[in-house]
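Okay, got some structures for you below.
One chain, subunit A, links the two complexes that follow: it is found with subunit B in the first and with subunit C in the second.
Moving on, here comes the complex of A and B:
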């Protein structure tokens, strides 16, 4: 450990990262530019706030009239059914699709086909998929269910594929060495490594399907969303609040249930 | 169904303890033109423990993995139960693998499964996947799994998860899983390299005694020359992808070790 020879520049511990600095400046400039283009002014925001205040005032108190509550219950039940059916079917389909997409198990062409399919499922938001299905199979819960199955498949299959690719190949090799078929190898050495994480993903997907099931109704996919949309159009803002509160309650219950599921299977 | 399929692969007149494994000019190139195994030939008789010693990276592991084709040989033949393993198609290979029990350096247990589930994995060549999924193994298999766990000293651990065991205990489970196959050949790839010296001796004792009891040959890769001398009936020394020594332990001299491992200082 000797001192630096004289005449040499001092050592730099944190060299400046010029590309990153330049990138930051460009980003800030772009945000400023985009805001002016989109007419994002303080004045509009203030006017909007007043408007929002009036809207909120009209929502209170929430409407718990008997006929409204029964409408709410019908819509909610349907949404819940859409979410649960879509999640369960999504879970069953995502396992094979995810396994097919795992590059350490599936042959290349199969893996790439499955990956491409998953990419397509993931590229469109559930609402857009729901619009397509409403056009294809008509209004109602079926369209919503199909849309949410596609969403679940996109999310779950990708995560299955990733966790299969991250798992240890050692037990897989050992089970292969016993002379077992692929299906047994998957059952006894792949799934035990993947399932605990998968249940966490599935619980999260149930959560997100609960939220999205309220959405798909707005475009005609059945469930509480349809009720909500009608209430908006009829300016029944107090009923809108009731529905929003109910959705929040369901999503929170869903979160508790999914957290509980995750803990149980860790 | 699977049982009859396996029985049919063995000629009815096959002698019970004939030569068990013949390796002929086995060659493996991971990259073309760079062989890891240089046309290795080796004949393993119907019983006894054969230790393959040699430095790391010399092809011991590749050799043993070629025997059950966890590694695909480039050329050569491997005769086992009257078949050339190298030429088998997938279903035939699966049928052949059922008769070879393999023990791994890092045990290769399914950590999240219980000890007994891991042992029962040794039956997966015979039990269909849906039954394995439901854990609906034949009662005779379950009974045998318990007996094997007793034999390896882990009867009290049957329902514990494999990741709760120590290294030595895990390797015992690995041995029980291999024996669960009722193999006609045991392949062990560095079974003691991850274990402390005392446990290593216990594990080698277990492998040697179980193989002897069943009258089946065991091929064991190892680094440790002393362990090899102590437990092997025959020692095969490998260097640079070729066999440079083959004989009973007492004929293995320092000069051979020099040839196998190279260098000199370490022998003093």
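Moving on, here comes the complex of A and C:
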């Protein structure tokens, strides 16, 4: 029975994976090191959790008093408006920018310029863009709208450029062969291929703008974020809970609507 | 009746059925109404717009020249804090999301109730923005990296857990059945049956999320989450625009570098 050849160790079903074990050790060491750098102590965590109890007690029940609800509605309406306007303008601007960035249609220098612009838009966090726009155009909804337009442009143009690069060039050649102008080539051969996917992206962007419009208010961009931040600073935690619940609700409604939009157009 | 009776009108080809067309028209109408309503009622103060070009010029004039001497004093430390916050936050998020995704995956947890609870956790953590989580945790633990780290970790659970659960559900049943047949314990099935199949997706999700988290943690300090955002907030409040410029340049550089690093990891490892 014991037919194992001499000199060869028996095969182990799952041999120990030393690189992986070493990786785990390095990871644990890193976590320990980074925790000391960040001054994370267990004690602080426990104290925080005890405070959490008090905090939660002050948050419940959420505040639905009359004046608070009207504040909430004003903020929410503004956020909704910011999201809608920013998404629509973002959609209209992202089509030309995305087409300009597509390497199979646009001349090379134009494509690279557009790509660089998109990369800059994508790497700037909406909050930072909002700070700059608050300085440029003052506090209020306009700064929020402009910041979210930049965010939408970064996301949508990149996807438009990618889907234009992936599309079939045959219709483009066919339309070009008829001697059409550039605009006709775009409307008759490029857009019909790109639009169905684009609507899905646009729905997602509306969703994302809705979330972010709750955010730009923290730095002065208007909307529910401003209401939320003020409530936090006033230690008005029961109202904070109301606002957060309202944000979750509206984000979920937005997700349902955008899912519905995607199904309708695909 | 025409004598031939067969010469009917040419058949009309339509891409959409009548209800579909009605739905689409209703949708377009709804979009137009929403846009018009938003544009007409939103509060924009036109006086602020007139001097926007000057203000923008002023902004950049104040930022230039950038105050590089501030980097070794404050910004370097803040940068390290941001990177560690993002990394530790991602590690914690991956651990928590791993547990939740086991609960959500229908081939692991065969309880509809537990699946639904897990799904609720994923949706709820994702719906609340990192900044809002940070506001919460700052109220709990005081300003600092701990609050930022927890905000990053909790917000990432939703995203990471969703994709992890999908990866687990897509795992092939063959190796699992083989392990079950060999009498392996549930833990062994997880480690030797599911983990090797989920690992590539897991690494891809973790690096992708880390990339996002570096961006997020760079601004968390604006609400007290520590790191570069804190330096930015200080500079903004002091109206030291040359320092603001420095922090913005550093954030921009960090974002570009993480993008390159994650692209490299994706190409090399995954």
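The rule we apply is simple: the second predicted complex is superposed on the first by the 234 of 266 C-alpha atoms of A that agree within 3 Å, B and C clash if a C-alpha of one lies under 4 Å from a C-alpha of the other, contacts with A are read in each partner's own complex, and residues count from 1 in each chain.
Basically, a contact is a pair of C-beta atoms (placed from the backbone, for glycine too) under 8 Å apart; a residue touches a chain by one contact, two chains touch by 3 or more.
Given the structure is predicted, the values throughout are model-derived calculations rather than measurements.
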item	value
Partner chain in contact with A:17 - subunit B first, subunit C second, else both or neither	neither
First (subunit B), second (subunit C), both or neither touched by A:70	neither
Contacts of A:104 with subunit B and subunit C, given as first, second, both or neither	neither
Touching partner for A:181 - first (subunit B), second (subunit C), both, neither	first
Broader residue contact with subunit A after superposition on the shared chain, subunit B or subunit C	C
First, second, both or neither for A:78, with subunit B first and subunit C second	second
Which superposed partner A:113 touches (first subunit B, second subunit C, both, neither)	neither
Subunit A residues contacted in one complex by subunit B, in the other by subunit C	none
Subunit B contact footprint on subunit A (complex, rising order)	168, 170-171, 173-181, 183-189, 192-193, 196
Complex contacts: residues of subunit A adjacent to subunit C	14, 27, 30-31, 34-35, 37-40, 44-45, 47-49, 51-52, 55, 77-78, 80-82, 84-85, 88, 123-125, 127-128, 131-132, 135-138, 140-142, 145, 211-212, 214-215, 218-219, 222, 228-229, 232, 237, 240, 244, 247-248, 251-252, 261, 264
Contact footprint of subunit A on subunit C as seen in their complex	20, 23-24, 27, 31, 34-35, 37-39, 41-45, 48-49, 52, 55-56, 59, 80-81, 84-85, 87-88, 91, 123-124, 127-129, 131-132, 135, 137, 139-142, 144-146, 149, 192, 215-216, 218-219, 222-223, 226, 232, 236, 248, 251-252, 255-256, 259
Interface residues, subunit B side, partner subunit A - complex	68, 70, 93-102, 104, 106, 108-113, 117, 121-125, 127-129, 132-133, 174, 177, 181
